[in-house]
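Naming follows writing order (A, B, C, D, E, F, G, H, I and J), and every chain is counted from residue 1.
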Amino acid sequence: MLFKVEMDVNVPLDYDKERFEALKATEKAYSQDLQRSGKWRHIWRTVGQYSNISIFDVESNAELHDILTGLPLYPFMDIRVTALCRHPSSVRDDDS
Amino acid sequence: MLFKVEMDVNVPLDYDKERFEALKATEKAYSQDLQRSGKWRHIWRTVGQYSNISIFDVESNAELHDILTGLPLYPFMDIRVTALCRHPSSVRDDDS
Amino acid sequence: MLFKVEMDVNVPLDYDKERFEALKATEKAYSQDLQRSGKWRHIWRTVGQYSNISIFDVESNAELHDILTGLPLYPFMDIRVTALCRHPSSVRDDDS
Amino acid sequence: MLFKVEMDVNVPLDYDKERFEALKATEKAYSQDLQRSGKWRHIWRTVGQYSNISIFDVESNAELHDILTGLPLYPFMDIRVTALCRHPSSVRDDDS
Amino acid sequence: MLFKVEMDVNVPLDYDKERFEALKATEKAYSQDLQRSGKWRHIWRTVGQYSNISIFDVESNAELHDILTGLPLYPFMDIRVTALCRHPSSVRDDDS
Amino acid sequence: MLFKVEMDVNVPLDYDKERFEALKATEKAYSQDLQRSGKWRHIWRTVGQYSNISIFDVESNAELHDILTGLPLYPFMDIRVTALCRHPSSVRDDDS
Amino acid sequence: MLFKVEMDVNVPLDYDKERFEALKATEKAYSQDLQRSGKWRHIWRTVGQYSNISIFDVESNAELHDILTGLPLYPFMDIRVTALCRHPSSVRDDDS
Amino acid sequence: MLFKVEMDVNVPLDYDKERFEALKATEKAYSQDLQRSGKWRHIWRTVGQYSNISIFDVESNAELHDILTGLPLYPFMDIRVTALCRHPSSVRDDDS
Amino acid sequence: MLFKVEMDVNVPLDYDKERFEALKATEKAYSQDLQRSGKWRHIWRTVGQYSNISIFDVESNAELHDILTGLPLYPFMDIRVTALCRHPSSVRDDDS
Amino acid sequence: MLFKVEMDVNVPLDYDKERFEALKATEKAYSQDLQRSGKWRHIWRTVGQYSNISIFDVESNAELHDILTGLPLYPFMDIRVTALCRHPSSVRDDDS
């Protein structure tokens, strides 16, 4: 089941740089594990923003909630979730 | 070069149904040609809306403009375009 | 899987009253069938509005999309969909 | 008398974690007491957010105000209140 | 139980003037009956707008919904409802 | 001359509690004096919010400005002012 | 007593041109009478818009309401009213 | 050349009072010099707000920018600029 | 003196196509004359929209207003005007 | 390939002035290098704001992202990116 998730990351100007870099490294590993498992289907950067747009493929709403609130950068994020489904014009078998 | 495009379709209540069905058929063919060519990478339906979210992979801004304004349903649409690029955490070779 | 759905109904001032009453009767039957089946868990009226807030319990995003776009009054509606999940403080077994 | 209440919880990045966990425990007990009494009919988590959507069944506006401002996490919350009433299509006896 | 209700009236430019004047007369009688009964406590005009702000004193949400949707001008209105309660600093016995 | 004034009070999480309670006591006295003088006609609490909606009856815009900026809690407030006048359907002699 | 009033004029594309020109002529005379009487202190055009920003000097809210709703183009207008008062830094005797 | 400028002043709750009073005194002198020179044509207070609405008469956009960014309270301000021109109905020679 | 102007063109679905094409041809000639004269410095298309972003270089606000309201497609347009001036980091002699 | 980029700079009131001046100097050099290279085609100041509107001419979305996130003042900025293309009415060879 597919969801579009948009995440904006807001880092306070005076946040400790080293601490944030450590969080970012954990975030990257966390994201890549989920990408390799197929749960986190796509992730793109929005040009000019510290934001991404992602496509998730999960078993349930609850699973998506657990994934998102488990993000190491979650406390820095604004998140928007949109439920998706197969488009009748789609030609790709895996876009549903 | 990737772009997220969100399209909302607004059909007046009293629009001629047959005429609109004909336009929809043309729209589907137009979309599927572009999907097969690789220009229109993904298309998903937003749940509960007459809207889609799509990912385009084009050579230039101008090419995207021509594709979008050429949509048979373009006069019925509200469109939002967002420029994307590769996310540093992405593990997919083709998400850039 | 639970979703909150908010529906606003907009009827043009000059829409044929009889035709609209017929649609409303079909809508009521459609809604009550889904309520009895357990798919449409709750429906409440928003005070002072021609709007409802509903809770749906469906198998998938696709099922919700089919239910909503099948509403007899769908062409008159603005719809907002929000994915829900169990709240860790909930004491009700069936609110998940 | 029914109300939809939406609550967003905003925790400052540097808020003391232990102190907040203590508040959350109190909040949970407070909420569950009200759920068991029937005042707080439903509570769901909004996917991806530190937010809930709840249905309250109270005697009066004043009672709802007292319940909400008594929430241990109230100082951290943005709250939106919407008055509800029975929907004419509802088949559930207790959704009014 | 008190509610603030804000009503904006939108009349299409080409709406039949006589028909609208007739509706306005009915609206006025309807409103004044409710004012005399004490249900519709206050009504003020917003300067420069075809809008009012009103205070209602009703037994329940359902009663307010019935009053508002029974307004002869209801199909022309945008309505915003806000639940009120007694303010701890109020000195007026009847503002609760 | 009547005005609707809506006031939202925003207290920083770490503001000194005693100092704020002292300000609130001064605010209450200030408000009640103005209520007794007839300048501050009504004050209601918005359910679930640290906000009020009030009706002022003043000689001039300048008098209203002086009253509002003199509020002990003014530095904590967001304020919205709307000019009102008598509604042609009003039956109350004193709602103008 | 001073008010800033902003007026946007919206003319439907298919509105009868001659009829509108006649209304505009009446509007101009109406406005100029009020300007000469000192009630309508200033009127400026917003660049690129069919809108004006005006300053009114009236005895009361009610007088302003009567002036605005009496505008020949009132049914075509969106209007925003803001109450003003003398600024403590003003050096002009007549800006209050 | 005329511009409407709206300025909102936001003072942090814990900002040093004496320092701010000193800035305000400088601001007042700065504003009054420009008013006397005819550049700052009008300044009014918005009722209930720490905001003003002003009319500037300048030689060029650049001159307006220099005046505004030179305001002693500029770092505390939100500013909105709107280009104005003579209204065809204006009867005042100096409102252009 | 420079201004950014953003124009959105809204064409009703049922507007006569030939009549609109004729207006577009006049609009193009009007725009190109102004471009050649140096008044309309730049015009770009916004991707996916029937909108442009333009830079104008005019003598005064009044001249800009006359140019914009003289656009053959003006009755179909939403227009946003922003006053610009030279940026202190600019290296182009003609961007001021 | 052209993009409009709007940048707002937000400096906290208590940010170290010297440190910020140093950043501004670096920003200016960074911007002027890109202007001379032709990547940063235009930069204008928005009147009354610490904001600019710029036109970039880049090879790809990715290049634009790298330029923007490399801005020395990037952590202080809100940025809005809009993809542009040649307007069919443009007479300038280099506005595409």
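Definition applied: a residue touches a chain if its C-beta (ideal position, glycine included) is under 8 Å from a C-beta of that chain, and two chains touch if they have at least 3 such contacts.
Please read these numbers as outputs of a predicted model, since none were measured by experiment.
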A-J against B-J, pair bridged by the larger set of C-beta contacts: B-J
From the options A-B, B-J or A-J, the pair that copies G-I, where over half of the contact pairs coincide: A-J
Inter-chain centre distance, chain F versus chain J - centres from mean C-alpha coordinates, in Å: 45
Intercentroid distance (Cα basis), chain J paired with chain G, Å: 40
Centre-to-centre distance between chain D and chain A (centres being mean Cα positions), rounded to whole Å: 28
Between chain J and chain I, distance of the C-alpha-averaged centres to the nearest whole Å: 22
Residue numbers of chain I (touch at least two other chains): 2, 45, 47-48, 61, 64-65, 81, 83-86
Contact pairs between chains, per stated definition: A-B, A-C, A-D, A-J, B-C, B-I, B-J, C-D, C-E, D-E, D-F, E-F, E-G, F-G, F-H, G-H, G-I, H-I, H-J, I-J
Chain H to chain F touching residues, read off their complex: 11, 13, 45, 47-50
Chain A-facing residues of chain B, complex: 2, 4, 27-28, 31-32, 35-36, 42-48, 52-53, 55, 82-92, 95
Touch list for chain A against partner chain D, complex: 5, 12, 15, 61, 64-65, 68-69, 75-76, 79-81
Residues of chain G that touch chain F when the two form their complex: 1-3, 60-62, 64-65, 81, 83-86, 96
